[in-house]
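Both complexes below contain chain A, partnered by chain B and then by chain C.
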Partner chain A sequence: MTIVDMGHGGARSATAGAPALEVDDLNVVYTVRGIDREVLRGVSFTVAPGEAFGLVGESGCGKSTTAYAALRYLPRNGKIVSGSVRVGGRDVTAMSDAALQEFRAREASMVYQDPAQAMNPTLRVGKQVVEAFTVLGHSAPDAAKLALEALRKVRIADPERVMDRYPFQLSGGMQQRVVIAMALACHPKLLVLDEPTTGLDATVEAEVLDLVRVLRQETDAAVLMIAHNLGIIRSLCDRVGVMYAGKIVEQGPSAEVFDSPQHPYTVGLLRSLPRHGVRKTERSLATIPGILPLIGAHLPTCVFVDRCPLADDKCRTEVPPVVALEGDPNRFSRCHHVDRIADIPEPEPGVPITVLSPSADQPGVLELSHISKTFRQRNHAVPALVDVELELGEGETLGIVGESGSGKSTLARAMLGIDAADAGGVLALNGTQVPPSTTERSADDKRALQMVFQNPDSALNRSWSVRRILARSVTKLTGVKGAAANKRVEALAAHLRLTPRHLDLKPRQLSGGLKQRVAIARAFAGDPRIVVCDEPTSALDVSVQAAILNLLADLQSAERTSYVFITHDMGVVRYLADRIAVLYLGRIQEIGPTNEVFNGPNHPYTEALLSAIPSVDGEEKTRIRLEGEIPSPANPPSGCVFHPRCPRAMPGVCDTTEPQLVEVAAGHSMRCHIPFDELGRLQGVPLPTPNDD
Partner chain B sequence: MTDHPSSIVVPGQMPDVSERKQARRENWRLIRRRPAFLIGMAILLVWVVCALFPLTIAPHHPLDFRTGLNQSPSWDHPFGTDQTGRDVFSRVIAGARDILRIAPAAAVLGVLFGVILGMLMGYIRGWFDIIASRIVESFLALPVVLVGLLAVTTMGNSAWVVIGVVAALFTPIVARTVRAAVLAERELDYVTSAKLRGESTMFIMFREILPNVMGPIVVELTVRLGYAVFTVATLSFLGAGPPPPSPDWGSQVSDNYSSIVSGFWWRTFFPAGAIASLVISVNMIADSVQSVMEAS
Partner chain C sequence: MLVTLWLLATIVFLLVSVLPGNVGRKVLGPFAPEAEVQRYNQAIGTDRPLLQQYFTSIRRAFTLDFGKSYGTREDVRDMVLDALGRSGKLALLAFVLTIPISIVAGIIAARRQDKITDRVIVNAGLASSSIPEFVTASVLLSIFAVQLGWGKAFANPPDNAGPIEQLQYLVLPATAMAIAYFGYIARMTRAGVITALHADYTRTATMKGLSKRQVMVRHVLRNALAPTITVISVQIGYLFGGIIGVEKVFNYAGLGSLMLGAVGAHDVPVLQGAVMLVGMIYMVSTLLADLLIAYLNPRIRLGATK
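On to the complex of A and B.
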């Protein structure tokens, strides 16, 4: 191991020739209330033409600021203090306004997170794409031709028709393709992608990522990709920089960084992800203690020192060196103790959870039979849930997965009675039927079934203190009042690892993770038997997600609570769930024990969902493309609702007869005409089982 | 764990001060820096003091007509005297009392009823909302002054009638604003969570939602106050105010404006200026409150 001077030379590109993007010792401040606060603290990296460089890190680490600074596109209170950004050898920081405008029009492009906001909602798509070419100086007829060409290039099958539409008439994936087509109009030297697939479903995300991958080969644009999803970075980027508090703490080829991280922060980040099919009973997830420093915090030495398990006096007094690592010449870690990375303690073992599966003499804590939900829209019946059959054992976690619009949240709301299910179905708690609507349910029924919402900002009343939020639930659900209720609130808070001081704060004074803890505490205020969790960690950073998932597992171990866990994150569901139900167009397509669902053979829809997930472990998978979009539930396809998109559909059968949900193995059912062993043969080698490693 | 001290996002504040106080203190600090707010407050304060102690401040009794008739402004009579020899300065000071009693009462009542109606419309929705919305819209189409005059002519020109009719005409306007705020609020998950633990509709509306829509309500209150001053002055100008000898501003203007052509401008100018200064000061305050509330 050698220590090299990274000073003003910056990290040198792995590829010979002039780099497409060269960021050198970039320092950026945001002026907040008259004070300059440091956001980037000497960021340096290079991206070669045709190379894809990813920046990862938790929210607030400065990755988006870096992306915006690369185009000198900072918010009004942002300022580049020192350092330079060169694109194709020209210094972007020194450009005049006119030159900058020209540069942004011809040499660099950006794709944002929300495609709907990147387009003008009042103009037809065609007009906007054509405009991307006319600003480059093409004549109107030329621009029209080029626009059609560009849309074809981003794999839009019927560009003439798409050009005639307004942005809102396109799906999210389609919108993002159009935005990418516009971004590529000028053949940019640099393409910046800021969380381009965050708002999209897994299957759509996979398509957009495939597209970016193909386009990268066709153009020689350098790609700077920002994502919080490490799997996406691994699958798309050649090299990656891990950012923390405005500094790149580790950098190198994606596979190497993710397989053998050499900075304590990278180690913590990766260990907080449920990887390699690990389950809650085997190992708890690693968390990173403390929280990200506020912007502008005084961090004179190592930026990670306050949260680092290896920190010692040296880390607090000396700036860590940039340590070049073996392997790639461009790989480095900013740490005093690269040699002690292996000393970082492993996460604790998992918690024991006993699942009492429902049986003939033992009814499940929750049973749903023939549950349907039909919304009425302008006198049209829109079936959002069709004939759902489920049961949930004590202490069991049932994961519910599916794309958006598949009915996951409708199912949760029907269980809870927020939107009462249609008449005809039966919903039973502990073997006793309960009314479909929460307003008709008894206090005990309400107490037994509670919910944790996706977004704690929306779920907690922002004008109430944490104490009032919890006390009200305790009183309302258990009938305990006054001092006794307060005692229970304090016990509850302690159980959820909230300190008494947190109780007197308002939700907005808490971090995202703490807010979600309060929301979970509220759900547990009346000792519920079942807690429905609707994407409870999707708004959180991975290290915070890990803490919340550990907490949910601990609570389940102690209270024997059952969970219905709705998520789009296959890693999370694999970690937490005992059984998984896959929903498509309001119908359960497959339901079975987690291992069997992950190992296959699967329903073709599950197969496609699983293959769409970019894995941070870099497992090789054959991607299954789903054609088209989810049909409208108001007008479901004939026969099997999945047949128009199913790569294995059998004409003459699948489009005429709807398959029944049939048990194919013990506890494993699916809704498919293809026989189970035939599916196994078609799908070939099963995915690695979680017990293999 | 995450219970690290720096997990509190609001930096640089004493931890023992409650959040509400903190937010209020921050808003107060922001609003104090606005010159429009300070000027508006100063003018309003002058009128409030006049309304509270008219006889102490005024050099003469407002009804005392022993002084000379139609004197132009002088040291003894800074605003001159009117056609019966009463001191205009003293009458303007005394006139602050009526308007500062009626206008705020009308504004407060209008906002109160508007909040209740808007809350019901926004939260309950359905047929109630559809019908109430049509009624609100039809009320919005009514000319305020005309309806006010009609009410005062049929029910007598007591202060309560003026307060009642202005409040009734403001109610739908406020209701519409509150309804819009509640519509956004009711979709948030804390409302769902309240339903899941079995809270009553009343509780959800007034304990859960109301504190979160106070911003627009406070803004609406200040804006309505400005309009109320203007409306009440207009009504009294049109003869729907207190009867003649009273030193009401609106009636002073209407009694004297025809004499401007005779050169007695001060008899109209000062009461009219008083109305204008009060309306402008309240609007300056309302604007400041609005921009601070919207920023936070």
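On to the complex of A and C.
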């Protein structure tokens, strides 16, 4: 281990020749209320031609600012105060407006989050793609030809038809392909990908990432990629920089950084992710205490010192050196205590949770039988849920997964009675049937079944204090009023690790994690038996997510609450759920114990969902990719609803007869014509024997 | 649309039938013999039961035949259309003056957001739309027509006036109206452009390497102008019928003056005709605005199914 002076040079690329992107000691401020506040504090890195460099870190750490500064597209109040950004040897920070325009047209491109917004909604796709070529000086007919070619290159099968459409007529995956096609129009030297798959479904995300992988081999553009999903970065980027409070605190080859992190922040970030199939009862997730410093905070020494488990006096008085690490010449960590990384305490062991599985003489806390939900749309029946059968034991967590449009949220709303299920089904709490609609349910039934929503911002009354929000729920759910209610609110808050100070704040004064804590406290106000959680952590950073997941596990351990946990994050569901139900087009395709669902053999749809996730652990998976989009529930395909997208569909069977949900192993059911052992053979999974784990 | 028209006709009927007073007495004056008054009421039908009058009035509204004026015995349709022609000229001129200027001002303000230019435009707009138009009209009249003698104090051009001469008569009242609308339109445009400038697609266009001008013309404006168009269309009806103050100040015989006179004279057919016409202009301009917005926004045109 050597300590090197990085000075102004920054990390030099090992690759011969000039780097395609060279960011050197970049300092950026945002002017907020007349004061310049530091956002980037001396960011340096280089990306060689053909190399992909990832930036990771939680929101607010400066990764997007770095990317936008590299293309000099900062917000109005943003300003580069010092440092340089060189692309192909030319300093972007010193360019005139005309040169900058030329630079953006010919040398740099960007692909953004949310492709639906990234295209002009009022212009045809063709016009927008053609424009990317006319700006390079091509004549209109040439540009049109090149545009068609570009769309073919991003694997759009019918480019003429796509050119003629408007952006809103395309699916999310298709929109992102078009944006990528525009970005590649000029054969850029630098391609910036800013969360290119966030908000897309897992299977679509996998398609887009595959496309990026293939295209990377065809160009020698340097790729700068931002993603909060570490798995994506690992699967796509050669090297990665971990950012915290406007500084790169650790850098190196992706696999090395993710497998043996050498900065306390990286360690915390990685340990807060549910990984390696660990479950809540085995180990709790690591959290990073405290919160990210605000932009412009005064951080004279180590930026991470206030939250670091290794921090000592040296860390508070001396700027940490850039410590070069063994292995890659570009690997470094900015830490005084790289040699003590192993001393960071492991997360605590998990909490014991007793699950009372439903049995013949012990009814489940929640039972759904023949639950369907049909919406009416212009005299057209849209079946959003079809014949759902579920039961939930006390203290059990049932994960519900599926792509958007699969009916996950409809199922949650039907359970709660927000959208009453169709007549004919039975919904029972503790063995007693309850009415389908909330308005007809008794106060006790309402209290027993509560919900936590994805977005606490819209779930909490923003003009009320936390105390008032919780007191209202206590009164509404339990009938307790006045001082007694207030006492209950304080007990509840303490239980949820909210301090009394938080009680007198309004939601907007709280961070995202605290807001979600209040939303959970609200659901727990009346001692619910079942809490339905609809993507409760998908808007949160991973370390905050870890705290919320730990909290949910603790509450479950103490209160023996059952959860229905809706998520698209397979890592989270594996950590938290005892059983998993996979939904497609409103039908349960597979349901079974978590381990069996993850180990397989699986329903082909589950197989596709599982193989779509890029893992931060870098595990290789057999890939199956789904073609096309989820069909409209108003017009479901014949036979098995999954057959048009199923890579294993058997013509003549799957397209004519809908398979039944059949128990293939104890507690594990599937809706597939292919026999279980045949699926195991196809998927290369040995069949579980009764003695196997 | 027909339902709206029917509702409008009904409301107009209800309003005029609650106007106090005997129509015949009002028209013929306090000294006319009672028998005369009764004969007059019989002739124009105001002695018939209310329901019957209502049906007559609805039929008239839909056939655009409002009968004859109580006062002058002229055909109401001719009177109203004449007035409409004059109001139309004035409104058109006001539009030609105000729309380009206020849209351009709005765009400039948006591009220079929070800078001095923006502040000046926003505040000028605020001032212009908060001063009542008859005040602006009076000020313009006294400064330009009376003191400087540049324009005409009476807006009614002589019957044989050519286009240029007519313009000279109309320019002052049109300016007063234009000033009243400048603020609305400029501020609406500014807000629309600022929203579009911050949109992701604008970022995409900039990153493509388009010039600022290309970004503005091809990507920003088309998305930014929808709210402005809505505001303008709502103002059209108002501009035709509502600028009574300006017409009064310049003594212009447009729709506003006609309506004002008809209310005073209890001249129900004229009032009915004028109000129905203004209502129709209102409907047509709103319809045109919706069509224009649909043309600019394919999502509306093609139905947002996705």
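Note that in this section the second predicted complex is superposed on the first by the 684 of 693 C-alpha atoms of A that agree within 3 Å, B and C clash if a C-alpha of one lies under 4 Å from a C-alpha of the other, contacts with A are read in each partner's own complex, and residues count from 1 in each chain.
FYI, a contact is a pair of C-beta atoms (placed from the backbone, for glycine too) under 8 Å apart; a residue touches a chain by one contact, two chains touch by 3 or more.
The structure displayed is predicted, hence computed values, not measured ones.
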Message = Using the superposition on chain A, tell me whether chain B and chain C clash or fit.
response = fit
Query = After lining up the shared chain so the two structures overlap, which partner does A:Ser465 touch, if you call chain B first and chain C second: first, second, both or neither?
reply = first
Key: Partner chain(s) touched by A:Arg497 [first = chain B, second = chain C, both, neither]   = first
Ask   = In the superposed arrangement, does A:Ser109 touch chain B (first), chain C (second), both or neither?
value = second
Message = Per the contact definition in the header, classify A:Leu71: touching chain B only (first), chain C only (second), both, or neither.
response = second
Message = Taking the superposition on A as described, I'd like to know which of chain B and chain C A:Tyr30 touches: first, second, both or neither.
response = neither
Task = Between chain B and chain C, pick out the one touching the greater number of residues of chain A.
result = B
Query = Thinking of the overlay built on chain A, is A:Phe642 touched by chain B (first), by chain C (second), by both, or by neither?
reply = neither
Message = With both complexes overlaid on chain A, does A:Tyr244 touch chain B (first), chain C (second), both or neither?
response = neither
Note = Superposition result for chain B with chain C: lowest C-alpha separation, Å, rounded to 5
Query = Between chain B and chain C, which residues of chain A are contacted by each of them?
reply = none
Chain A partner contacts - residues on chain C that touch it in the complex = 113, 199-201, 203-211, 218-219, 222-223, 296-299, 302, 304, 306
Task = Within their complex, state which residues of chain A touch chain C.
result = 71, 73, 76, 101-106, 108-110, 112, 114, 117-124, 131-132, 135, 166, 168-171, 179, 182, 185-186
Request  = Show which residues of chain B lie in contact with chain A when the two form their complex.
outcome  = 1-4, 6-11, 15, 18-20, 188-190, 192-193, 195-199, 208, 211-212, 214
Residue ranges of chain A in contact with chain B within the complex = 287, 289-291, 293-294, 416, 418, 438-439, 443, 446, 449-451, 453-455, 458-465, 472-473, 476-477, 497-499, 501-502, 504-506, 508-511, 513-514, 517, 522, 526, 544, 547
